[in-house]
Amino acid sequence: MKNAFLPLLLVLILISACDITGKDTGANQAIDGTQVTTGLQNIDGKLSGSGRVVVSKSLGQVRGASSFHLRFKLQDEGEVRLSTYGRADLDQSVGVEFRRKAGLLEVKIFGGGVDTLILNRFENFQASGVLDFMIDVHNNHDDAAHLFIWRYTSDNSSDYGAQNAIVNTDFFKLPLDLDGLDFPEWHDLAVKGNGPFWGLDLIDAEVEIYKAGPPKDNS
Amino acid sequence: MNKMITLLLVFLSTSAIADTGLEIVAAGDLVYSQSLNDESAATEKLAVRGAEVMLFAPIDHIWDGVFSLAAHDEGGSTNFEVHELYVSSSKLIDGSRFKIGQFFLGIGRLNRSHQHDWPFTRAPKVHRDFLAEEAVFDAGVEWGTLLPTEFYLDLTIGVTSGHRFGHVHSSGTKPKTPTHYMRLATFVDFTRGSGLELGTTYLGRNNSQGEKMQIVGLDSTFKWREGKLVKWLVTSELMYRKLDFASASSEEELGFYLFGERGWTPAFRSGIRFDTLKNFSERNLLQKKVNNIHWGATLQSSYQTSEFFKTRLSLSHEFRRVEGLTQDKDTRAQLQFVFIIGAHPAHDF
Amino acid sequence: MKYFFLLFFLSTNLAAKISIITTTPDLAWMAKEIGQDLIKVESLLYGTEDPHYIDVVPSFIAKVSKADIVCAVGFDLEVGWLPRVLARSGKAHLQPGGKGYCELGRAVTALGKVEGKIDRSMGDVHAGGNPHFTLSPSAFLQGATEIVSALKRVDAKNAEAYETQFEVVKEKLLSLEGELREKIKQQAPQLVFMEYHRDFLYFNETYKVNSIGALEEIPGVLPSAAQLARRSIEAREAGVKILMAGLGAPENQLKRFQELSQVPFIKAPLILETSGSFSDYVYLQRFLVDKLIEYANK
């Protein structure tokens, strides 16, 4: 019977070498939540102008999955670029870019040097109004990161699914909607982020909410 | 894929299969998940988590064959995939077992069995993160042998293509180094039919993007059986994973789960599981090491009318604690129904 | 010096015994009776377990991998675990159809075959025949011919010795059977009994004893309260004197049956054990017959 406890003993030895409570060690004390570059104004948590913000707290695992709630407004030719799972300078990240151009909303998904322009799924969005999205980035797949974009409804996972996403990278080729042309599927490009950080690049935009959380879909 | 199903059903219904030793088994795994807090990612619907059909038979005097086809509900759509399609033999070389084809990798504890046979509903955190929601399967060759010792010491070695690993939505890409693994296991008898199995696993792979993965694991399973009743089941796995990214950075994590279950009667059992996972590489923008831990606890009760039908109710709470702050809390209840029809092959210990 | 080593090699090989692994102690006893000093034999089970519900225990795999012969009861008694044990051993000669594989049920005239449509709603049914034939000496001897055949295949040079010894065993057990049959006929001619699980089919046929069947209506499933009540009435009306149950039978159900029917029960080993009084087949046979006679005359 004593042999049953040998693996437990080994575990206790291993975990006694590290903290298992997740207690505060002061590592985040010098961080004021975000790191804001020049050019951006931060009033009551709202960012506006042109510049970059990189969130100081990482997303945890590089090979993890997260959701991002973004609520923003774009001026004409304005842009909000969400970079996730990148290095500290947001290099090697995957993400989504929203741009207002000639009154229309253009959306791109990018990563690993690849830019995909999504042509016709955002035609009904008022590019000049408040834009509110929930975005999932699953950076833990063996092939490409799996991205979803939903219209924001609530923080509840049950409101978001693979079938009701505006964009689900499972379901499109590159570039979008150009039928008959021989383009690879997103997942065959094996594009993933290679870091634990995320942030935003703004050009003439105002961001009200930018929040990361656990993924909303588990596909 | 639907054409394949139709062909399979036609094939099975013909008399041509008589006297071939063909055995067929189908397993159904239905799960209802209910979120009990806002952050929970529970689906809040009764879903066909898995419907699996397995066919197995001797092929000839040397080889046996296994074919396993599964359907899963993924985001509301039914996804069919071939889980296993392999030939195996214990008759080719004395003392050796071979598998050639696509199969669940012979690593760890959970990965070697089908999800509907697990003693709990949801995969532990470390299994979900390092391997998959269900299990890692791949195409290749696996060889096993009992080492020439007085006591039980079993060695399994495998090499598989490595084009895919874990959760994948494409056919994958050729890796720089294929998936390779080994498991060494021993056993301590307590009585005939009760004992403790201990195993150690190593797995390595270098994917097409130059991302190197190494996993080392320890697994243990203790079972105390009294007649029909498994009075005690205690199983655990400890896994360490190191990822070396092409960008020259790396990530090291350690995860563990411990599950204990008491059988009160052959029909009724209850259990508890603890999960934990720690990321040793997490740093903030100031490059300071961030203290973190993931914890989970699950309570469950199972009722079965026979070994072929069981229902299980579980209540779980998982959260992450980062520098003293609790986040990503997921509290959920799950109700699971598992049934098996046909001739189910024997399970390992 | 080389001749010394040659002699040493020859002598050790000449003395090497045939290694037999059996699933149950009954089979181990029979194998030892036949093989005597030419074999070493071990049973995987102690005899206190239920052979229907055994896991694929790794130590079984280790033991089997070193055996020359593996003997099983058959009739799907060990179907839940033995095939996997054999496959994991990696030994070709021990796989079904191999030189060292022996399944006693293949040589037994099966009783209790289930005809017609069979499915799992009928419980743990052995369609090919009832596997509990070792409780009858003559049925057990039928099955034992498979042990003799396996020994002759694996150790041909001692074939005559195995044949001769088997005849000795046959005579011993048939003589015992005749004696006990006569004893029952004389001392308990009107005996009616009941069994918890259908263990006594071959025993009843051999000793011409009446059983009204099993308390367990669906094999492998605990009898419900309604089933217990109904069978209790049937037992009283049929004049059942005793309920015989194996060691694994559920105590609560047996006690409840006794309360309702006033019929006493006995839990006893119905297969041999690896040690103690019940490690001898002759002792077990005498014990069962004596118990039945004792209760028949109460």
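First chain written, first letter: the chains are A, B and C, and each begins at residue 1.
In this section, contacts are C-beta pairs under 8 Å (C-beta built on N, C-alpha and C of every residue); 3 or more make two chains touch, one makes a residue touch a chain.
None of the values given here were measured: they were computed from a predicted structure.
Mapping chain-to-chain touches, which pattern fits: line, ring, star, complete or other?
Shape = line; chains linked end to end, path left open.
Determine which of the two chain pairs, B-C or A-B, is joined by the larger number of C-beta pairs in contact.
A-B
Per the centroid of Cα atoms for each chain, what is the distance between subunit A and subunit C, given in Å?
It comes to 66 Å between the two C-alpha centres.
Based only on mean CA positions, could you tell me how far subunit B sits from subunit C in angstrom?
Taking the average C-alpha coordinate of subunit B and of subunit C, the gap between them is 37 Å.
Can you compute the centre-to-centre distance for subunit A and subunit B, using the mean CA position of each chain? Integer Å is fine.
29
Residues of subunit A that contact two or more other chains, please.
None at all.
Can you name the residues of subunit C that touch subunit B in the complex?
Listed in rising order, the residues are 44-46, 49-50, 52-59, 61-62, 65, 79-81, 83-84, 86-92, 95, 97-98, 120, 220-222, 248.
Could you list, by residue number, the parts of subunit B that touch subunit C in their complex?
61, 64, 88, 90-97, 144-146, 151-152, 154, 185-187, 189, 191-193, 195, 197, 223, 225, 227-228, 266, 306, 308, 341, 345-349
In the complex, go through subunit B and note every residue touching subunit A.
35, 38-44, 74-77, 129, 133, 164-173, 188, 190, 196, 198, 207-209, 218, 220, 222, 234, 236, 238, 243, 245-247, 249, 251, 253-254, 256, 258, 276, 278-280, 282-293, 320-325, 328, 330
Okay, in this complex, where on subunit A does subunit B touch?
It is residues 1, 3-4, 6-8, 10-11, 14-15, 18-28, 30-31, 35, 54-58, 60-64, 87-88, 92, 138, 140-144, 146, 155-158, 161-163, 168, 170, 185, 187-188, 190, 192, 194-197, 213-219 of subunit A that touch subunit B.
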